[in-house]
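Several structures are given next for inspection.
Below are two complexes that have chain A in common, paired first with chain B and then with chain C.
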Partner chain A sequence: MNDKKANNLIVIENGQLKVYPLDDKVEWEVGRSSPNNVPDIRFHSVTVSRKHGKFQNMDGMWFYIDYNGKNGTVYNHRHLEKGLRGNVKPVPLGDGDVFVFGGGREEVINHKTVWCMFCEKEVEENWRVNDSKGFSKLSFVSGGKTNVFTGPEKGTVVKGENGIAIYMGDLTYVSGDMQVIGEN
Partner chain B sequence: MFGADRSETEKVLLQLEDLFFTVNGEQFGFVKNNGHLCLLGTGATSNVYEMYGATAPDRHYALKVIGFGDKDPDHSFVRRVFRVQHALSELSENIVRVIALWVIKLSFDEQGKILRIVRDTEDGFDDLDGYLFEMILMEKLENIISKDRYGNVEPLRKDLADEAGVIRFAIELGEALLAVHRNNFLHRDIKLENVFWDEQNGRYKLGDFGIVRATDNGNAETVVFTNGYGAPEIEKRLQDSYDITADIYSYGITLYLLLNDFAFPGSDSYRPSIVQYEKDFVFPAPKNASPKMAAIVRKMCSYRPCDRYRSVDEVLAQIRGLTDQDDSGSEACPSGSVYDAEAETYAGDPATVTFRETTVSEADEGEESDEVEESDVWEESDKVEESDVWEESDEYISEEGVDYNGYDLSIWDKDESELTYEEKKYMAAILKEEYNKRMVLETVVASLLFFLLFVSMSKSADRAGSWMIWTLPAVMVTECILQKIGTFHIGFGMISCALYIWSAVTLGCDALQVAMICVTLVGLPVLSAGCAAGAGLWIAYALFGNTGWLSFLNEYETGFIFMIALAGVFADLIRQKIFYAVPISRHDYALTAVMLDILPYTLFGAGLILWILGLFDIFSLPAVESIHPVKTGIGIFIVKILFNWQIGKIKELLTEEINHK
Partner chain C sequence: MDRTDKTRYETVYLRDEISRCEDVFELKERILPMLKTQQDQWKDKINALIGESGLTKTRLAEMIGVSRMAVNKWCNGAIPKNRETFLRIGMAAGYNREKMDQLLMRYGRYPALYAKSLEDCVCIYVLDKGCKTETLQNYDFILNRIKENIIREESSETEDITTERFDEKLSVVRDEDELERFIAENTSVFAMTYHKFYAYVKMHIKANYESFDGNVFALAEGQEWSSSLRQCVSAIRQNKWYPTRNKIISLGLHLSMDHEQIDEMLELAHMEPLCAKNIFESIIMFVLDDADLNNILDEGSDEYDPDALCDYAREVMEKLDLPEVESFITELPEKYDE
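Now for the complex of A and B:
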């Protein structure tokens, strides 16, 4: 990963990881596709509303605006609530911000909900998927340094100098100079 | 402009109309409105008037008049520009045609009637007196935008309202630029105001080659714009010269504006924003552009020249590619009721909530590869190195670029303009810390010197019993603390001086009081602290120990050495302030002037006079002589020279860094 700046959204839904380069559009609608409605970032989970929210670029700064769907959105472990007038305030985004769509207040992460991360650096194209099911202890090795987690939570992101790993329970997504070693 | 008066110019031009304007036998005349010349446009140094040709009066031309009054600039430059534009307009249909160039000098009588017209082709033109006029005749074309006096921009071509029209514009502008580059020129002033529409032939044309420059090796020297079209390396003078990628940046900004309602990136109007030239600013996509077009335009406007397209050929290939592809249709969706239904809960029992497999064919590919590499699968536990383990850290710190203090030194290599705000704060914090560390060292040295100075000069060790003497160090310590805090300084300084004078009167004037007064006036926290510590030490020795072993200092009158050393400490303090970029107050400047400029000469001069007077037994002051003013003066002078030399070195270092960029 070089330090070129580019805004990307990493989406993990039902085991599949996808990266959206956000800079080429000013607005990205988020939701579940239906015959009348094709959002720019499409989810298939039924837990996500058809019009769930949108990512918007305002003069170079990225924001997320939630449409207050049924199962809500959790941003950096905080559930986005609507304000006095019934609208949810736009949230300015920074590098590493994490979203969970459709997981309700409890931020449930499973195959029916969608996990996303906003990145301000260029993200590599090639992602590897590791089977991390059943391990109680995981070591993340990058650039000669090791980080050990015992019983990590789903959605844990480990960043190395040139690599990144996203632990999602049964699967761990790895890119760049990063290696995952698990043990019982 | 000529006489700063347009009507003057008009009168001249009208006279010239009858006398002068012929190209290859064709007479040109001005288009008039009620007897006044029809003004098409006006710029900083030129006005553009409308003309017609006698052979085909319906075909109109534009005459750009650049008058310089009686100044005499390089008119061979204008000839060169004309030749370039003429040649290029032959090679490309997308470049405004120039038909004739007239460079003349005029002389007038008192009524303003033209007496003589001299062309630049005649001998002795350069040395002649007269008003210089440069006029370029070119084809008259329409502007594509209109600007009101508030700077708001409206498009004059309906074509440019949608992306297809902009693509067409981009291709024609690209062809023009290609011709310029292929002939080893850079345009350097690509902007919406310099692109015109040729109604007769139905095409866009690039014009106004006012500052085109030839490139010998692909580079040109720098001329700076401030209009938002200039590439960052030009605006910020980061490079000595630049190449065709700078034109590509301007070309990209032009397209960006057309697709973004004429607002510059990061701005909401036709006025550029400074944020556009920040290294880390990621351009938002233009509002009305498709994602693919947005990607192309954003790449053309990359901050670093190496990130842009290398040549206009590449740009044109990409843009042409846009029209060839079919946009993939929207994703088909099964009509199954599950997808159209409202969102359901995530915690549902799998038996009741049917989560059907999608039968949709995805138009967009996934970005990850599905392979699971066997080597990543778990290994034996003893491979984990326990010594490197730590919990829950966010980032890894690199091993290189960290010095023994734990600072990250890599930021020092970066160019000033490339640093983010965070990095600048970090740099300032490091500098401040280093400065403070040195200050402690200076304080210790200064206090030692002061102590020795007192011992060498004083003869009254037994006064220590008197309580009045304790007031002095107490006052000094308080004063230097308050200086550090920065409040009450002037007031407290004055009170302190009053106390010293009082103690001098009651106890007898002694080195201690004199030194204290000087130090208070100097006003540097380090010297105050040093002096306080020194005075304390002196009193302690007087009370408890014997200073007998130090009495040699008194005998050999070594006080002057310590005075020189103190001047050295002072000079070093100022030097450190400069080096660590601590702000220097006017007080410091005044002080430096006194200590290093006035003091040595005064001491030297006074000492010399006293010595001469002593020789002739006229007058002598033993007290003053004991500090050896001549030697002290010379010593401080040497300190001053060393100080200036050090400052010179610092300046060299700084200019070296600047030139290095």
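Now for the complex of A and C:
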């Protein structure tokens, strides 16, 4: 990750990480793909609606618009609700905003739900996957600085000067200058 | 409990009391008497300010550029009409930045000083220099000089800089020449001051008003919004509106936004969220909470009435019959009986 301005969406679903360069298009439909429905950001989890929501650019600013289906979206630990009279409530996005799709009203992070993070900086496409299964304590080392977490929660994001790590339980996704050291 | 904690506690307490309020009569009889009106607060403030500053009313009027009669009206509770006047009053009184922010937010219901706005940037510079009685004079001189010398250009490339970092850079500016260079180098930042606010309004309209093809101007015309609000909408389309607090609230009601969305707009315009300590805003909070909890806008109805929230706000305000909301009621559309 470097400081160059670029809007990206990091998606982790069922152990797979993918980066979507949002600036390539003005609008990105989000949903579960089916023969009749091919959204721009395609998920496979059955807990995600076919037409779940969309990311949309307005005058250079990114928004997420939820279609408020039964499968739910949690944004920064808060379930997204409809507005008055069922109005759509666009969510203005900022760097590091996190979504969990398909977990109902709760922020459930598991193999059935989809975890996403909006980034306003350029993100590398090449990510390393570290096995973090069974470690009770993790040290994240970047640019000579170390951040230590005891029993981190799934979805913990650690940003270093030139690197980033996303802890998802058994697996930790790492990009750039970042090392993960586990201890029992 | 220090003063800040006490204020926060009182605000949270009032916020909870409003959300528990059963009806408009309970709001009027039990909640509103707990609040001091904005006019009363302002009257106390301006009289204290004149006493502390040692300025006569005539001298204060001269410095600010208003008539002595206007100052007299303020001393009797009339609130200055715009943010610029509050800025000038604070500078004439020799306020520092903290007191200026308090004056703007608590008494004017305006945003605090914001370094990424050109006028505020110059104001912060002169306040930080601590010129006291010369502050306002220096502000006028520097601002005029900068406006004359700098040609505002549409810049395509905007430096991504946080407000905190921008504040830091401004704080090390040493003199007027350096300030002018600083401003010239950051014209694109000043142009972006309310960019996020404009984008939010446009996005809301695009997402919710398909029948008007996302065109809020057509909506505003079709629903006969007040001419002042139509002007705001037109200015937002051109990214030129300088948002004021009550107009943002009015816009939110006209666009059927809920409490959270109106707070979002205020935040994007660099203002505090709706405040339970203000009589007018406590009524708005009641209207929004009640509309949400009791499905006042009738989500299940097939007939779409874009004025439903405004109509309900008008109904509540008319029942309360308070001077604090009189001017706002005129902003809301008249309800026609069929």
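Going forward, the second predicted complex is superposed on the first by the 181 of 184 C-alpha atoms of A that agree within 3 Å, B and C clash if a C-alpha of one lies under 4 Å from a C-alpha of the other, contacts with A are read in each partner's own complex, and residues count from 1 in each chain.
By our rule, a contact is a pair of C-beta atoms (placed from the backbone, for glycine too) under 8 Å apart; a residue touches a chain by one contact, two chains touch by 3 or more.
Since the model is a prediction, treat every value here as computed from it, not as a measurement.
Taken together in the superposed arrangement on chain A, chain B and chain C clash. Touch criterion met: A:Val46 reaches chain B, while chain C stays clear of it.
By the touch criterion defined above, A:Gly151 reaches neither chain B nor chain C.
Contacts of A:Arg85 after superposition: chain C is touched, whereas chain B is not reached.
Within the superposed three-chain model, A:Lys5 lies in touch with chain B and with chain C [touch as defined at top].
Shared-chain residue A:Phe63: touches chain C; no touch with chain B.
Working note: chain B versus chain C after chain A overlay, options 81-89, 423-431 or 531-539, clashing stretch identified as 423-431. In the three-chain superposition model, chain A touches both chain B and chain C at residues 5, 58-60, 120. Remark: chain B residues 265-268, 273, 275, 280-287, 291-292, 294-295, 298, 307, 330-331, 333, 335, 338-347, 353, 355, 358, 366-373, 376-379, 381, 383-385, 388-396, 398 touch chain A in the complex. Interface residues of chain A, counted against chain C in their complex, comprise 5, 56, 58-61, 63, 65, 83-90, 92, 120.
On the chain C side of its complex with chain A, the touching residues are 160, 195-196, 198-200, 202-204, 206-208, 239, 256-258, 260-261, 264, 268, 288, 291-292, 297-299, 308-309. Here chain A touches chain B in the complex through residues 4-7, 16-19, 23-26, 32-35, 38, 42, 44-50, 57-60, 69-71, 102-104, 108, 110, 112-113, 120, 125-131, 135, 139, 142-143, 145-149, 159-161, 173-174, 179-183, going by the rule given at the top.
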